[in-house]
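Each of the next two complexes has subunit A plus one other chain: subunit B in the first, subunit C in the second.
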Partner chain A sequence: MINVDAILDAFSLVLTFRVMYWLAIGITIGVGVGAIPGLSASTGIALLLPLTFAMDTASSLGLLIGVYKGAVYGGSISAISFATPGTPEAAATVYDGYKMMQRGKGKKAILMALYASVTGDTLSDVITIVVAPLLAIVALKFGPSERFWLMVLAVTLLGALSGRHLAKGMLSAALGLFIGTIGSDPIGAVSRNTFGLWWLEEGIHLIPVVIGIFAMSRMLEECVDLLKENKTVQSAKSAIMSAFTTGSEGLSFREYLSCWKEMAIGLGVGSFVGMLPGLGSTVGAFLSFSVAKQASPHKKIGTGVLEGVAAAESGNNATVGPTLIPLLAFGIPGSSGAALIGGALMLHGATPSPMMFELYPTVVYSLFIILFIGNFFNLAIGRFFALFYARLGQLPRNLLIPLIVMMAVIGSYSFQGNPYDVVVMLVFGFIGFGMRLFGIPDAPLVITFLIGPMLEASLRKALLINRGDWFEALFKSPLAVVLFVAAIVLTYISIRLQVHERILSVSEEEDAEQSGL
Partner chain B sequence: MKIRFKVLSLLIFATIMLSVASPGEAAMKCPGNVISWVVPFGPGGGTDRWARILSSVSFDTFGMAMRVRNRPGASGVVGWKWLLNQKADGCIILQASSTPTIAILKEKNSPVKASQIKIVGYLSSFRSILLGRSGKPWSTLSGLKGYAKKNPGKLTIGGSQSLALGQAFFFDQLGLKMNLIPYSSTGKATADFLGKHINTIAVTASTAKGLVPGKAVGIVNTSAMPLSKKLKNLKGIPTAKQIGLNGISFPRWVGVHPDTPDAIADEISDNIGKTLKHKAVKKLIKKIGEDIIHLPRAKAQKQYNKLIVDLEGAIPLLK
Partner chain C sequence: MPNDSVPGQKRILRWLQTNQGIGFVLSLVLFLYFIFLQLSPWVHEKLRDGFSLGFFPLTGIVLMLLFTVTLIFDGERNKVIPDLTKMSGRSFLFCLAVLAGCGLYFSLIVSIGFLLVSPFFLLAFMYLLGLRPFSHCIVSGVVMTIIVYVVFRLIGVRLPSGILPF
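Now for the complex of A and B:
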């Protein structure tokens, strides 16, 4: 039942100059933090948490939610401008965004990322506000068996990301799976595949992997090209001037609307992934990107088109509101960002628990209002940053390459202040470079690296709970059976689509040959 | 004139002697008057939150600024190893939980030994509390014992690694076989418990406070320490000690380089005691749902040595 008094109280608490001021500050910091590789939303929130000790509840929520929202969008800025994802959730944006930037359409890509982020975020906030308790109950139905099948479902989308050579895609996926096993076994916590290196005991983190694969590998490739071209520094100087003086093409409303389907996919997938504890916005972005690619093969997502940016960005921002659902309904943080916001709530005397709606309705509604209003601040502040970075990304390669390499090193180090992360990033830079050389797609590697450990942990937990009975572990609940069937159907559709696409491309080639004759 | 000179000389001599003889006064001098408080985990976790609260009053208690430095990696071992490579002057202080200790004890090739730390105090300790659902045969300790005897290995206990270790240690002493399901965080285990995918859950007092009585019932506190009397809804949950068993509590400890002089370690221990008594710290720690359970240097070191022995016994039970 809706508590009208609490809603009115929440409005009077939130709609003050002080709260709006902290919300704007939070978003400004968040976009900046997100744009710096290695610094994620949770790092930004954690560093600002002590500042909220002396603030009132609404202002501190404004600051922290502002940082959260701003950083999730901000990650896309450096992903598009420099192929260096500012945050892991922006990694899927690199595929189309950076290619657009290389073609001089950086401004268009960054604006699309902003509008898709705000659209996905706003609509998912509405979903969070309207059906939060109901969705939380659905989320609890997902135990280890159901999560396992959900991960399998995600892996079946790999076919869409493998490009024209399925075998190369599978090789990349296998490599990702192996890298995901490095570290400690998720159940017994025994070290495995660490090559005798003690610092690998905790496993390999996503940030150095994505920076290495997406940024460093591309820069190695560009370095090789540049050495071949042997351009002079003089030409670079003139290019800098032109980058800051000439305008580039913006985004029209028609173009924004043309991506409605991809934004809707991002909204659906992101909201669903967000409400399940432990999956997070990176999974949301990659799944949205994969589903959008699968759903519209003719749009050639992944080759530098707006639709790819829209799907990935709508997908990652749509997780922001729903990750708070388990926190508000049961006191379970759905992500590290949500855990930190939970910590801030505790500091202000509203301990997240299953009784949150009954005990602290004003705080819950204040949070909802801030979530919603924050999107409009994100739009205004994000646009300012977008225009600035779009120009920066047009710098000549002679200057851009050392800048991106420096950002990659600083980014992987600043993630945890751990020098071993720089080593990991460099190793993955060379792995990525090798993969590019042989035409092996990198998306399956990142997806299986991300999903593999979750899939393994879910399967092994399901087996442990059912004392080794495979049938019980896999098909205990009707939901698990439904997900299994969905995975089979999706695999079948995926194969059919691949075959259909193959036939089409072969007939196109034949037509071209005939017309040439 | 001569007398005056003699008195002055005596005063100067006495001042010099006093400053040399009083180790407490001269001991803590850190470069730039800043103490580095190392958190071997990323920002935002429980340890980080404690560190930032303590650092907010460091001028009042340590007389110096305190800079929180996150040095995460390899379950906290990277930060610990880094400390061992620094000067043993007490200016770099490590705050951790049992996580790096467990990681070191598990790892054959660990670059650090669990004993390579001079403990200067305990800030708090986690208790591992077992919760179940009401109306089930295992919702009381006696009912649970009876059920587990009849159905060995059937009853599932979910929890983070440390808390699951506490349960394993407890039930091993009772001779009961339980099905331990380790999770990467208490949050994920709680989700599976509320979704009825597991039978029971091992949680800390602050999590238990939010779940009992609405969503769960308390079965047993498998640590030696009783729960705070302020936690009224958790009243009556028996402790391992009351049952006559050994219990493991998981500390939030603070340590310095093992070669740090004892006088400096004692001074840090005293300052930590003062910090924990500070009004603002007490208030903020209470707000984050944790308890201050302070142990000074000598007691904390003794407990830590015992913890290593207990963990060495408990870790094989998880495999």
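Now for the complex of A and C:
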């Protein structure tokens, strides 16, 4: 299975100035995107996705993975500096990080967040590099029936785990499936479901959809917030400046090592959560924080200690690599970030599928190398520019929203010069805004939109092979039956576990403790 | 305030802000769309593998309908959606205006050019969102346009030039 030639090719492709340059740019932008409240990794990747069309595959992966890694870490900077998590995944970092900032130990907390993020991320990348090829071997044994059930399993898990309300998560997934049918059917190429519009006959492209859902809709939401309360990040310039002055207390190597247990918890929990479709880095951070708190009650996690920062930050960054495992092994993205990276691979002709390792080994190994090297860039950029990012987090919303809206418009147009893509982006911006308003998660929509045509093609191929016999097509192979049962059992378990309810209760408990202090 | 004293119109408005209300409205829309699809001739066209052309779009609609109906009856049906209660008509109109403004901006950059239109779009948008003084809007609008233009050109992505030669 290990293709040495492809690995060597990947090294020669990645270890060039051009790719390293884009990786550094990606992380620089990513940490900034993460540090600015209201923007997320998905927003950053969605906005930059059209630009990758003009790049080579390795450079585009460098840019997007850089943004992804940088943004997941970057959220901690504003979480610690002014108690406003830059991204949802940094919310658990506020509990200990901001208290440390108030006590004048902000620099220590930010450095711990950086080192824990990089540690969790690097080690989880190793897990990704080991696990993904092994699962890909299993995936090669799958026929159309098994692939169909695997995708059903992924879609139901996504729907069940993506939000607090099962019906809303599933509704989002069903909407993604429906939108995926717009255009032409994947077997006969006959146009369908085009609402009578000729320009929809080729279907809807991923780029305007993701820009609409992840960038435009969020900016509409920010506009509403701004109008409502004229919301601006409270100035905390003096506190931030004092935290970063040379005299303020840094982090010793001994202190970093003292948090090994919490980082290990973050690594384990984050990697596992990352591999499951639908959970994502916010759940990774909160679960790690919660497990670490229960595992070591004497450390008083949640009261402003390094261990809390380490657990949360290691937990959220440890999801970054493993979230790509289902994408690389089965062609099924497990999160919106993975879906966007899958979209970038599709743009460059390397459509994610169970044959990824067979068909595009150089691309997969390039991605692994970029994942790994990206951590060192993250470490360097985070270490030297943390103050700059803390200040960036205070950028006024009314300066930022117009810029992102402009980027959304020109980004959706520029990648294929089609004016209708702008219309699609605006429509999905409005749909995404409505979904956020109603509390419907957006990740299942994007992921099922991406895998919907594959799901349909697998079912129809299975039926063709079995001469139209539905029972034979769906349940002939024992593996298909196992996957069918797993879809039901895992969905039931995930509903019973009420992961989001538990996370909410952790968050409420911490908020109550904080207000009581 | 006791529930009886709430005027009928307000009660309906409050119900529409619950999961049940949203579920009901979405179910109605989806049901009507399902009927519309059933009446469309292309839906019943047979494909070579025996499927009708509308099988998968209809499956998507049925699944959505299933989950919107679930919203009407499940345990959280009476829960009020918090973000919806905070949404005013003015905010909603502002969102529509932003989308319309984006459409107008795009049509203008295609005909006049990115470099000429974008500074005005940015400064107007920033001013509307409350950035003051006005000189900040002008400077930010011009600087951001130039930065975005240079970055796109460096990457090799062309932006609409309009009446300008570049």
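Everything that follows uses one rule, which is that the second predicted complex is superposed on the first by the 272 of 517 C-alpha atoms of A that agree within 3 Å, B and C clash if a C-alpha of one lies under 4 Å from a C-alpha of the other, contacts with A are read in each partner's own complex, and residues count from 1 in each chain.
Here, a contact is a pair of C-beta atoms (placed from the backbone, for glycine too) under 8 Å apart; a residue touches a chain by one contact, two chains touch by 3 or more.
Note that the coordinates shown come from a computational prediction; the quantities given were computed from them, not determined experimentally.
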item	value
Which of subunit B and subunit C A:Thr351 touches, first, second, both or neither	first
First, second, both or neither for A:Gly343, with subunit B first and subunit C second	first
First, second, both or neither for A:Leu464, with subunit B first and subunit C second	both
Touching partner for A:Trp198 - first (subunit B), second (subunit C), both, neither	first
Which of subunit B and subunit C A:Lys168 touches, first, second, both or neither	second
First, second, both or neither for A:Ile410, with subunit B first and subunit C second	second
Partner chain in contact with A:Arg254 - subunit B first, subunit C second, else both or neither	neither
Partner chain in contact with A:Tyr420 - subunit B first, subunit C second, else both or neither	first
First, second, both or neither for A:Ala139, with subunit B first and subunit C second	first
Contact residues of subunit A, present in both the subunit B and the subunit C interface	50, 53, 187-188, 190, 464
Contact set on subunit A toward subunit B in their complex	42-43, 45-47, 49-50, 53, 139-145, 184, 186-191, 196, 198-202, 277-278, 326, 330-333, 336, 339-340, 343, 346-349, 351-355, 416-418, 420-421, 457, 461, 464-465, 467
Residues of subunit B defined as touching subunit A within the complex	42-44, 48-49, 52-53, 55-56, 69-75, 77-78, 103, 106-111, 153-154, 156, 161, 179, 181-185, 187-188, 190-192, 194-195, 197-198, 206-207, 209-211, 214-215, 284, 287-289, 318-319
Subunit C-touching residues of subunit A, taken from the complex the two chains share	50-51, 53-55, 165-168, 170-171, 174-175, 177-182, 185, 187-188, 190, 192-193, 216, 219-220, 223-224, 226-228, 230, 396-399, 401-403, 405-410, 413-415, 419, 422-423, 426, 429-430, 433, 436-439, 456, 460, 463-464, 468
List of subunit C residues in touch with subunit A within their complex	19, 22-23, 26, 42, 45, 47-51, 53-54, 56-57, 59-61, 63-64, 66-68, 70-71, 74, 76, 81, 83-84, 86-88, 90-91, 94-95, 98-99, 102-103, 105-106, 109-110, 114, 118, 121-122, 125-126, 129-131, 140, 144, 148, 152, 155-160
